[in-house]
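The same chain A turns up in both complexes below, where it pairs with chain B and then with chain C.
What follows is the complex of A and B.
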């Protein structure tokens, strides 16, 4: 089972690499980068949801604030891209820790509602009270890309390597996390928190850790998206983004390593393809979600497991 | 004089208007096995929940080896050496026997769970899981998903999980509940082995088992301790017979 997980992750990496080598046209690269960035987000999200069992509807806050944190450090602070990414991860982690400290006091659906509320609060504050920092509805255009080794990363075929490297690192980190004692303990917390506590595991503390790590990866994804679009905006803070990442994780197969990535590929591909024919993409994706919940309760990744 | 291994004073637990435990005081000497008996609703499980940190006290104190643990959360009490099993089987349902026991080993071993290496990098975790599986008679089922085990085997795993935290004091809430006739003797023998060298508080309805395993019996009724004594005298007591054991012979 574990060997199969490694194999699936390697396949994903090989596909991402071959896109760059075989189809280096701008549109394809942009789409593939979008998929990888959302995959980092979905992989991070699933540390909270799939691994630990905490259904959050507030992850857009970590994602969007990551984008802003990167924009601020680079545009106002004059820092480099690497520092911007680190700031974004820190922002995502700190904000997630704050969310978790409040929301893990309640469980189940109430956790979901609490995170939704906190996420909307952040979005509201950013778009109304902190317009000077957030750029209001216009957002912050002109977010830079890296300036390393004299390479022009404003070319998508160069920036692709940055995104690819961080995607692979995230995949590796999440794969390792899942097999580490921490990952196993989080799985135990999801399956039976009472028992985990009675075995001596500090359930509350490990939930905080899980959401914080999840927030850090979400912040990283937000910063990369800002780099890709060269723009950070309040749209990335909205509940719709939070909903998208839940949908991606669930459709792909929450609780597995590659499931969230497959979900991102599916949703982004559907969005791209359906928007050629109709404006009601979300409605159709909704229909697909309903069908998948009925017939593929464990997501696309569940297809493999079901046959095993 | 040594402090009792487990001791509670005037423990009161309320659920809304309902008082589930009112002023329960109980000392369990180190190394003793005490059985808690009493009709349904007497507060036996609530007492175990209160001792293990599952429910909050409205009043009273709890001490482990003379140290006050009243304010500690469940996981901290477990780390302090207080283990419990559950009346309804309480294991990790989507894992194998080995994974279940390994979680127990790592929960005990690390206060903060490490993330930088796979769990396999600590071979002692798997070794401890294997040793425990042997102890509770599950050595040949390490790779089995726990859902496929018989009820008696799940009971054994439940007990094994509880033991992974190396508790000095064990709270066993109906460890035989749902165990079939053919697995009963083996499970009783297992509990008998486990209680050696430990302090045990046991809830059990099967009076033959209670008589065989316990040094003393505490009878509970309506959230209070009705009486306490050695098995023979409790069995003979007319109040207990009327209240609990069925008064057919006494009448």
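What follows is the complex of A and C.
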């Protein structure tokens, strides 16, 4: 089980590396970076959902605010890219902690509704009240990329290494977390909160930790996306983004290490591929989501597990 | 006075949707994310019916009936296989439905705003208590009140309502007593969808018909049902009034802040009473 997970993660890493080495054209690299960034987001999301069982519909807030935090520290604070990423993780974590503190008071479906509405509240405040900070509908163009060692990271083939490194680090961190005592405790909280409590685990605290860590990774992903697109905007705060990450995690196989990544690959590839043939990408993806919830309850990763 | 009327008409609209949402939750245990999309579809169908028949009244019949039929199909095809699974699958399925419905509407009606005119006789305004009040809003309030009355009568006083309540409180027991629970579930979803169709139709002359109208209103409806207690239809009446009035009076005194204010009301309620204001000891609808 563990060996297979490691193998799968290594395969993913090898694929990501070979993309850079074998197909270094700009379009492919951009697509692969997009997939890796969304994978960081989905991996982070699944710490909350797959591991701890908290179905959040508000993760766009952590993602989008991460993008903004990075843009602010770099554009206004004049800080470097590393500081920007750190600020984004901090922003994601703090916001997630606040969401969790409010939303873990209610359970089950109410948690989903509560996080959805908190996320919309953040989006609303940013787009209507804090236009000066958020740039309003236009967003903040011109988010910089790193300028380490005199390398020109505005070239996608160079920026790729940054994204790849952070993607692999996230994958490693999530893999380690899942096997750590903390990860096991979170799993226990998901499977049976009452029993976990009686075993002496502080269920409320573990839920807070899970959402906070999840928020930090979401913020990181948001900052990287801002770096990739050189833009931070209010669209990344919207509910569709929250919905997208849930879809990716569940389609890929929530609760497994590589499931969320497979989900991202599937959804992004579908989006890319379908848009070549039809304009009705969103509707078709909706149809695929419905079919997958009906016939693929454990996601793509589950398919593979069932066969083995 | 006119603000009160506006508030009441918004409340009626919210109630029509929240009632469907809460009935579906009470009976099926599903939060229907696609309820706003159904409402939007209802508005477009009403527009189409209006264009075809040249009058508002056929639209008020055709659109809810079409929605009810669509609801039957949706329940049979996508939700029924998912009841035994955990809630997230039902949420995801209805989320997928949003995308499909929006796509259908985009293909059929395009991206332009559409508008419905109120039926002749309901245009213009009347002077009432010293202020001008749009006739159509008065109609919305009267019609909404009639639907609420019919709904309460149906659930509380008729045989069908009894069956519905029984199947919602204890499906297994109801099934043992010979009630076809699956059929009841289909009917409740169809009823909820039909109510969304009515909502969409009567919203047509009040608001521009556009793709994003569904999501805008569904968030308010979530707030309504959460405040009232999910699965509780009396709570939905109260929540709809609260949010409708907050919107109408907020528009008057602090238009910049109404959206944020409704969320603050909601957060306050949830923090004090996570189960909703009316959930205590009330049975599910």
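Following the convention adopted for this analysis, the second predicted complex is superposed on the first by the 308 of 308 C-alpha atoms of A that agree within 3 Å, B and C clash if a C-alpha of one lies under 4 Å from a C-alpha of the other, contacts with A are read in each partner's own complex, and residues count from 1 in each chain.
The rule is short, and it goes like this: a residue touches a chain if its C-beta (ideal position, glycine included) is under 8 Å from a C-beta of that chain, and two chains touch if they have at least 3 such contacts.
Everything numeric in this text was worked out from a predicted model, so none of it was measured.
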item	value
First, second, both or neither for A:247, with chain B first and chain C second	second
Touching partner for A:202 - first (chain B), second (chain C), both, neither	first
Touching partner for A:194 - first (chain B), second (chain C), both, neither	first
Which superposed partner A:116 touches (first chain B, second chain C, both, neither)	second
First (chain B), second (chain C), both or neither touched by A:21	neither
Touching partner for A:124 - first (chain B), second (chain C), both, neither	second
Chain B or chain C, by number of chain A residues touched	C
First, second, both or neither for A:183, with chain B first and chain C second	first
Doubly contacted chain A residues - partners chain C and chain B	none
Complex interface listing, chain A residues touching chain C	49, 55, 102, 105-106, 108-110, 112-114, 116-118, 120-121, 124-125, 128-129, 239, 243, 246-247, 250, 280, 282-290, 293-294, 297
Chain A partner contacts - residues on chain B that touch it in the complex	52, 54, 73-76, 78-79, 83-84, 86, 90-95, 99, 102-104, 106-108, 110-120, 122, 125, 161-162, 164-165
Complex interface listing, chain C residues touching chain A	31, 78, 81-82, 85, 87-89, 91-93, 95-100, 102-104, 106-107, 215, 219, 222-223, 226, 230, 256, 259-260, 263, 266-267, 270-271, 274
Parts of chain A lying in touch with chain B, wherever the complex brings them together	176-177, 179-188, 191-192, 194-206, 209
